[in-house]
Amino acid sequence: MKRVLLVALLLVGVTFVLSPFAEAGSKKDGRPDGGTLNYGEYGRPATLDPITSNEMISLRITELVFNGLVGINEKQEIVPELAERWEMSKDGRTYTFFLRKDVTWHAREGEEAKPFTADDVIFTYKIMMHPKTITPLKVRYEFIDTVEKLDDYTVRFTLKRPILNALAKFSFKIIPRHGPANPLYLTREDPFVQNPIGTGPYILKNITADREIVLTANDNYFKGRPHIDKFVAKPFADQNIMTQALMFNAIDMIVLVNPRDIPEIQGDKRFVLQPYNALSYSFFGYNMRNPLLADKRVRQAFTYAVNRQEMLDSFFNGQGTIISGPFAPGSWAYNLEVQPYPFDPEKAKSLLRDAGFTPGPDGIMQKGGKKLSFTLKVPIEKESEAVKRVVLAFKNYLKNIGVDVNVAFEEWQAWKEDVFLEHDFDIVFASWVFDDSADISSLFHSAEIGPWKNNFIGYSNPEVDSLIVESKLTLDHEKRRTINRKLHAILADENPYTFLWTLTNYAAYNKKVRHVAIHPYKFFSFADEWFMAEKDQN
Amino acid sequence: MKTYSQISGEIGELSNLPFWKKAEAVDLAYVGYGLLIVTLVVVSYVLGAFNLLPHDPQAINLELMMAAPGTKGYPLGTDFMGRDMLSRLIVGIQAYFLPGLLAIAIALILGIVLGVLAGYRGGRFDTAITYFTNLVDSFPRLVLILLVIAAFKPDIYYIMIVVGLTNVPVVASHIKGKIHFLTQKNFVEAATALGLPTRTIILKHILWHNCRSVLIIQATLGMGEAILMETSLSYLGFGVQEPTPSWGNMVQAGANYLMQGKFWPSTAPALAILFTILGFHLLGDGLNNILEGKRGK
Amino acid sequence: MKVSSIKPIALVLSRELMITVLLLLGVSLVVFTILYLSPGDPFSVLLEGQMSSEEARAGVREALGVPKAWYAQYLSWLLNMLRGDFGTSIRTGLPVLKELLRVGLNTLVLTIGSLLVTLALAVPIALYSAVRGTNKVSWPLTMFAYVVSALPVFWFGYIVIYVFMHKFGLFPLAFGASSSGKYGWLYAALPIFVLGFGNGTMSEVIRFLRDEMSRVMDEDYIRTARAKGASIWKHSFKEGFLIPVTEIIASKIPFILGGAVIVEQVFNWPGMGRMAWQAAQDRDFPVIMGIAILAAAFVRLGSLFQSIVYVAVNPRASKE
């Protein structure tokens, strides 16, 4: 399982596209149906429903099994899904969704397929917001005030206040009212979470003894039957072995290739390496509670001292983008005018001198008896060669400017307690993953300092605080963009993090799988269009 | 009642020849090989302490990562950070030596104390100690170590404390068994009748004359187990942590490239592990045979 | 087995069972204590991937109805377990007992299988060395076994997989067993062999058996039998073979269970070791407790087996 820190969402798409509806039944696009796609996952999913699950592996499965009211297409535009159209009130506070009438839930064995109606939408919202349901979604939908059923195929959401890009938030997956055993709230003990039914292109058929998850094509899928007959998610406990399984045709696809294995797959004509941008970035974060690190010049010196391009080239085959500020570069909020600090150890040294530090007898810079000597805390992952490389290289770069870094690897839960609860660290290495784009308020707003909150570095700057609040309250997209670009410039200068890079993710798959398009976050959003030529379907 | 010396003779305690004269060449060779390995360990410490290594084992060279063996200046090549494999290999043993000794010391000392208490005092002591040893024996070792690491931190010393503790039962039960055996043969009674102080009986006659082989074997096995345990933990990410080199984390780091056909970075430390453990095993075998005069029958 | 030996066995059995219950209690208490002391929260796995606050964390416990005090948690777990309810996994929500029995069986196959592999190699070598001493046959065999037991098991596994892929064109992962007919058995056999060779106990087993057997050979009654020209095998079987072999099986089970954690990950074997590894990281305490209990029960089963054999061979022992 890949350990990531997740930030809640804001949205990208602003254009709405209405596409003609396909009839249920075959897609009639001339592409052949059939075949089985085995894909390898590192780790096993805990749950398979869209509400309790909080892992990427589960998210990918739910993408195959469920639909939202709206979806997002390959161009990142919002498209109709379970809702065929919608209306927004002038004040932006009510959204009325008109639902498709031709959608049925996957049928359980021996039961008739039930139709999808407005009741299911209301049920999903209510179960999601129930205090006893534990779900990462809850905080993201607190902007909704009420939901009401106008008729069987019409629902109306009323918002507490108008928010920007609210529509895209209605992409949450709808679950059936007759699904969960407990109609009030959903826990992981509910049989539904292991054996869910949805409206999506694939039906969860069974989970084998090894928790291989078998999904079969939904013949009645409202966008037309998906081409590939069967998806099988195979769990692996060792990434080296997983890559070999691909090379040996034991699986057809790996959703996220270890950077180390990219050259090997690249050299093999049987496979396609498909890049997809993740809205994420890696950083070194500095604990502002340490008076030495509270000095901006020291933090800037560190960033000047680090050769990010060299690391990116050496450890990730150059597959990524160096960033200058707190937003993922794919996002609209990213300020391209702010340049990343260049690699300049001399500048770093002079910044440290300006800050009053002089080399001590042991070569470590010091001021008034205080040495620039820090503990860098890093969580242990079983397969974390890349992490090890980055932190060891960081230690080495800082050594060159007379700064001593002691790398301390810690078990994941211990690390989380040290960083988020005790704030017992000088520097951390971590990554943020944004599920959509650009909400950084929880990272840098001073109200987010505290136990288990995301501003664990303790960064506090009134100017940043007010810009964050202003950005949240602004409904005009352009104005908001200007605010965020300003925020970007300030944080780049203040340098509470050494912003590193956004890595390009790669999926690898056998050439027999065709027409593959990948959603950067949910991955399988367009899998119903994938197909295999008849000769490859065995 | 038999006399002390009669009984001693029966259980093979007395011998007039110095042990090395009775020893066979092969046993001496075993011991010699074992001692060679121990010497290498010491040499590694000396080399490390006086900085006589070809390279700084922690010096990173991003220009020269995963260099093949035989690269100029790097006879064993470099690892995934461009660090010199040979230097890391030499220093890598240090990760085990002191922690391994700690594990052995815990196993032997606690094992002896508990074994003697249980065997000599018997009664409630025996019951309590038997319960304790059975309890320790009931845990799958690696799982226990994983839990301890989770509870404290991934530190080789914590790991070795657990390894040491899990080996206590073997030592304790051997000692206890031996004492029971000797008691049955009236050995202890005879020795007491001779006016020997209890301490002498336990230390000299029971432990040294009758249990030394078990203790030696446990000690040498303990070292091998310590190394293998750390290696397994390294695979799971919980062995000795970077940048400190250990053979286990070197095998693990190298094995990531094994499937791509790059054998050397994992094979070199794996062979080092193999020869070292073999050395300790043979040292134990050889010493055991020599001290017990086992061969030549 | 003679009728007279049944009664002592029953005696031993009941005593062992009592001890086992006490031991399992101890195991659960120790594991619970370690878990309680370790940083991290079993319920934080539910909150991973979301902005969690102190309130959210408290809310989870409230929502799930978890008792606050540690002894209350332990007692409620214990009471439920006594009723046969091992609880449900915090991470997956699945019933622990059912899941454990499913994967436990796989681990049992792996462990017992590899133990048999170890014995199949170690016993003949030990027997031969004990009877004939060190010679041209036994020495290389012993050395081979010593070398094998000094291999890092995951590295050995990688090498085996590499060789099978590149030399034989087979991809020996456990999950292949169901999908590829002809070589199906091989897929299951390889991890067993790798663990059997590489569990690090081979040398110890050989040394122990060899010494025990030589010791028995030296006993007066065997010497007498030998002098009379009777079969030594018949006389030394019980003491020199049966008892030491069962003893070593019993004492090596916890060790091999540990090795299974590694082999299961390398070979994608759906077993308890993998589950334990995941659960330890997640602090999924019902699962960890369940695994500890099951593994300990398994270990106790080994020593129960040993006691029974011992008593069956030597009925007087039951009175001790």
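Quick notes on this structure:
For clarity, chains are labelled A, B and C in written order, and residue numbers in each chain start from 1.
The rule we apply is simple: a residue touches a chain if its C-beta (ideal position, glycine included) is under 8 Å from a C-beta of that chain, and two chains touch if they have at least 3 such contacts.
For clarity, every value in this text was computed on a predicted model and none was experimentally measured.
Counted by C-beta pairs in contact, the busier of A-B and A-C is A-C. Of all chains, the one whose Cα centroid sits at the greatest distance from that of chain A is B.
We define each chain's centre as the mean of its Cα atoms; on that basis chain B and chain C are separated by 22 Å.
Spacing of chain A relative to chain B, judged by their CA centroids, is 47 angstrom. Centre to centre, using the average C-alpha position, chain A and chain C are separated by 40 Å. Of all residues in chain C, those that touch two or more other chains are 38-40, 158, 161, 265, 281, 283.
Looking at chain A, one finds that residues 240-241, 244, 411, 413-414 touch two or more other chains.
For chain B, the set of residues touching two or more other chains reads 150, 235-236, 255, 258-259.
Those residues of chain B that touch chain C in the complex are listed here as 26, 131, 134-135, 137-143, 145-148, 150-152, 166, 170, 217, 221, 224-225, 228, 231-232, 235-236, 248, 251-252, 255, 258-259, 266, 270, 273-278, 281-282, 284-285, 294-295, 297.
Only residues 4, 6-8, 43-44, 46-47, 52, 54-55, 131-136, 139, 187-190, 193-194, 208-212, 234-238, 240-241, 244-245, 248, 250, 411-414, 416-418, 442, 450-454 of chain A touch chain C when the two sit together in their complex.
Note for the complex: chain C touches chain B at residues 19, 22-24, 26-27, 30-31, 34-35, 37-40, 133-134, 139, 146-147, 149-155, 158-159, 161-162, 200, 203-204, 207, 214, 218, 251, 254-255, 257-259, 261-262, 265, 273, 276-277, 280-281, 283, 288, 291-292, 295-296, 299-300, 303.
Contact residues on chain B toward chain A in their complex (touch as defined above): 60, 62, 65, 80-81, 149-150, 153-154, 235-238, 241-243, 253, 255-260.
Chain A makes touch with chain B in their complex at residues 240-241, 243-244, 260-261, 264, 310-311, 314, 380-385, 388-389, 392-393, 395-396, 407-411, 413-414.
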